[in-house]
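Note that subunit A is present in both complexes that follow, paired respectively with subunit B and with subunit C.
Our next item is the complex of A and B:
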């Protein structure tokens, strides 16, 4: 894309999320969400094939519908309460409708259908922006308005997200779809803990963003988008293959890596509130996610598939992709667990 | 004529059904014009004469005219109308049926229809820092956009500007 147009569009993408996160008035929050949606479309359509166009169209349709529902919810709230503040949506129709709209924007079940298709249809970098940056604005709104919503709806959607994220990702060989289902599953975890302790939602969001950014950047650097290309990664960059292994284990929530921190604290918080069956179900369903991450790890790091001898020695070209932030991100996504007491800074 | 605003909003929804059933954009544009005019009528019936005329001018006179001209450039030989395709007709009839059910539900309930207050836009409100200045609410809304809501206006203008860039990027050489 033309650098001037790209910088304008990225600036507006940033501005949209920041406006939503900084606003206390529903209209400005909605305006920021619309800015996000509109400027995301040319980013998703950066490549010129019909698949990207279709993915951008699907993204636009679902997000526009969610924005419409959100606008209706906040006008209903205005009609019954006469004020526009985000934290005081006392009318149940308005708050539940806004909840459903924001869940559609986040891509949590039962409104998750657009996530795998849109993530698969675009390149790795727009997919990365879609799964990480676009979660910030709706979650900041959910964080503020969740106290007045029906918590049963939040638990239902969260559990369903974890189930669908787990089972949906099992039959996938394309890495972008696997990461999309992983995103759905993590949204489920974030939603469930929202009525109990919203700080843990933010913690989970932070660690999830770090992990997803690491994985996407490793995949971008090695040009792998499917499991078959993963099997050849050991030859190109053995170091990144090992880092992919540890980062995927962290994404699955395995101790002693960072991904274990939010899951552990969430289960702790849920059991402190006398809820036993739900964290049990969540923890068991997270194993489904772990299974297909293990499959990726098996095919990338633990096995070398049979190949001819000349494929075992590749000519090392210079890497043209920038890896500036990658070592920091990988370190953060693997080794943050001893810093768990520092979560008090998120409150 | 007590129910004029109600009738106009029902016809507004019917107009929306008319283009949501996806005929050709030529007929969709006509349906949008009808809905836009009725929407303006709803605002005027609620007392907001200024805002209704703004809707007519900007929406119908600006947006729809440009939309109509672009459709006229991209029209096809046999545009799909509501009666030509059974899918479009079916969608239109389903939408109409839902609207009829909703009206029946509205008239069957215990609450009376006149409970909706349709005059909210002709109230007087206080605008300005010092003194008591009573102005009409719809005028003051338009004026507040330029004074208190300056950043809203700035963001709206910025987004219109960025939308041009987005539209140009989207309609570049793609398949």
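Our next item is the complex of A and C:
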């Protein structure tokens, strides 16, 4: 893409999210969300095949609908309370409608249908941006307005997200769809803890972004998009294969790795607040996620599928992809658990 | 003196078994004379008791103490045991002498006598026990000896299955016995009869139910009765000893022992009454059409046992005891004479193939006739002194009329089947092959039968005159009730004679339904013996393989989980790409969400 256009688009993307995060007036927040959505479209359509176009169209329609609903919620709020502050949406209709609009933007159930399709239809890098950067703006809005919403809706949506994220990913062989469902599931975890301790939402978001970025970058570097190409990764970049394994385990929430930290703290927080069944169900459903990560690990690192002897000795071409931030990210996403006491920094 | 004499009685047979010389011929005679002397000696305490009416309890050897339960070897010599022991010894003496003739050609006759002696010893232990542990030892002992003796000819499968049947049915009864023992240990902390009767607990239904179950198993009451007709697979002396006079009496004896507790518990009395009534009628019906002479007599034993249960049920244990003693005499004699017939006709047991023995075997036929008359309660023979008071008391007491009617019907049937035996075995023309050598020359055959004839005639009078009645007998009753027993008996006699005479003239068509019911023993063995094992075995197999292995270990969690997850996964990820549908779902969700939120 033309580098000027690319830089304009990327700055607009950055600006949109920043405007949303920094605003205290609903209209500017909405404006930032709209900017985000509009600049995302060309990013999604970077490759010009019809599949990307279709993905971009779906993305546009869903997000537009969500923005419309958000606008309606704002109008109702204005009608009933006469003010535009984000943290004081006291009318239940308005706040719940806004909640649902934001959930659609995030891609949590029952509004999740667009996530796998859009993620699958685009290349890995736009998909990465879609699943990581686009979560920041809506979550920052949610962080501020969640106190006046109906918590039942949040729990319902969260649990449903975790379930759907778990079950949906079981049936997939395409890596982008797997990561989409994993994003849905993590959104579920983030939503549930929102009424209890929003700090943990942010912590989960941070760690999730780190992990997803690592995975996407590993996948981009090795050009793998489906499970069958995963099986050939051991030959080309053995180090990255092992890193993929540990990062996936961390994404699943396995203890000595940093992905365990948000899950652990969340369950702790939930049990402190006397709800036992919900964290139990959540933890059990996280196992579904773990299963398909294990499947990926199994096929990439733990086993070598039968192949001819030619394939064991490939040409090593120079790597044209930038792997600049990858080592940092991988280290962060695997080894962060001992730094758990530092989350007080986020409060 | 009483103590010493009674202990000597018991030790005499024991000493005999200690001399285990199976080689010599003398063992048999030693055993027989030992039992004779034991009988003679046992008369001494009995006479002393009759004279002084003193009961004695001997408690000598301290066995063990378990926590607070002191177990010792103690013997109770009261009216029941002191009367029963001489009778048991007398009958055993006669039977041992008889089996010298009957089992003459058997190579293991020494072992046979040893078994008979062991049985006698355990029976005496049972009768004279003062605590439940000793009684249980005797109980189990007679059970085991009955098993060994029924399967005496163990090459025959029918004998083995009959012995197993006896053992199993007894075992079911033993469960009730153990329940009773446990209850007494828990609630009264003792197994001694004195303590049980003194404390007289209030809620005795449970242990007495256990006792009833035990007696039903041992004495072949309805529900646990098939083993008694099957037990006729054993040799005739075994049938005579065990299954007519002694072992089957053990159950009734124990019930009689517990009469102080049963006096107070009307539920148990009613259940005993009904159980006895059903037994007596059912087995009498079955005995009407049997063709094996020993089975008829066995079912007759069962019927008389039912009658004894009925007597206990109307709260007359002493009458039941007297009937027990008198019944021992004539039943043993009936068995012995049937044994003589069988051996003389070369092991022919089917009454359809006997006949005309009235002239050729005078002593045996006299014995059968006297025995049958005594059984049916002919006035002034033995049975009269026990059976008639039972019927009279039953008529005059406030009991279940249904049970009473059934008992009366069974009494008339007693006469019928006795007539059947007499008619087919003794009267008419001979139906056996003509090469049978019939003689009654052997004194070992004749003397026991003669002794038992004398006993059948006179013992009833002697026993009833020498006992002090514990309850006042009914003195006045309307004449039609007084004659009821006699009348139904005569009715039974005449009807049976008429019917049996008719068989000379009629052709035998297809047997009617009632006839088959009666011949097949009421279909009880055929149904229960197959159904119960089948059900329990299939249930356990299903439990083990299907439920445990297949369902619980395989299907319950692993397979169910996999199918559930697979279905869920395919459901969730199976999205059509149609945006309209997605938006529709969004609309629905939003509507629902707003409804929830409001």
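Here is the rule we go by: the second predicted complex is superposed on the first by the 347 of 347 C-alpha atoms of A that agree within 3 Å, B and C clash if a C-alpha of one lies under 4 Å from a C-alpha of the other, contacts with A are read in each partner's own complex, and residues count from 1 in each chain.
Assume a residue touches a chain if its C-beta (ideal position, glycine included) is under 8 Å from a C-beta of that chain, and two chains touch if they have at least 3 such contacts.
Being a predicted model, the structure only gives us computed values, none of them experimental.
A.B. asks: Fit or clash for subunit B plus subunit C once both are placed on subunit A?
C.D. replies: fit
A.B. asks: Have a look at where A:318 lands relative to subunit B and subunit C in the superposition and call it first, second, both or neither.
C.D. replies: In the superposed model, A:318 contacts neither subunit B nor subunit C.
A.B. asks: Between subunit B (first) and subunit C (second), which, if any, makes contact with A:288: first, second, both or neither?
C.D. replies: The second partner, subunit C, only.
A.B. asks: Touching A:167 in the superposition: subunit B (first), subunit C (second), both, neither?
C.D. replies: second
A.B. asks: Based on the superposed arrangement, let me know which partner A:19 touches: subunit B (first), subunit C (second), both, or neither?
C.D. replies: first
A.B. asks: Going by the contact rule set out at the top, does A:96 touch subunit B (first), subunit C (second), both, or neither?
C.D. replies: In the superposition, A:96 touches subunit C alone.
A.B. asks: Based on the superposed arrangement, let me know which partner A:274 touches: subunit B (first), subunit C (second), both, or neither?
C.D. replies: In the superposition, A:274 contacts neither subunit B nor subunit C.
A.B. asks: Who wins on subunit A residues touched, subunit B or subunit C?
C.D. replies: Looking at subunit B versus subunit C, the one contacting more residues of subunit A is C.
A.B. asks: For the superposed arrangement, I'd like the angle with vertex at the C-alpha centre of subunit A and ends at subunit B and subunit C, nearest 10 degrees.
C.D. replies: 120
A.B. asks: Quick check on the superposed model: minimum Cα to Cα separation from subunit B to subunit C, whole Å please.
C.D. replies: 12 Å.
A.B. asks: Can you name the residues of subunit B that touch subunit A in the complex?
C.D. replies: 152, 155, 158-159, 162-163, 165-166, 168-170, 172-175
A.B. asks: Mind pulling up the subunit A residues that touch subunit B in the complex?
C.D. replies: 1, 5, 8-9, 12, 15, 19, 27-28, 31, 34-35, 38-39, 41-42, 45, 48-50, 53, 56
A.B. asks: Where on subunit A is subunit C touching in the complex?
C.D. replies: Those in contact with subunit C are residues 54, 58, 61-62, 65, 69, 92-93, 96-97, 99-100, 104, 110-111, 113-114, 116-117, 149-150, 152-153, 156, 163-164, 167-172, 177, 181, 288.
A.B. asks: Tell me, which parts of subunit C touch subunit A in their complex?
C.D. replies: The contact residues of subunit C facing subunit A are 565-566, 568-575, 577, 579, 582-583, 585-586, 589-590, 593-594, 596-598.
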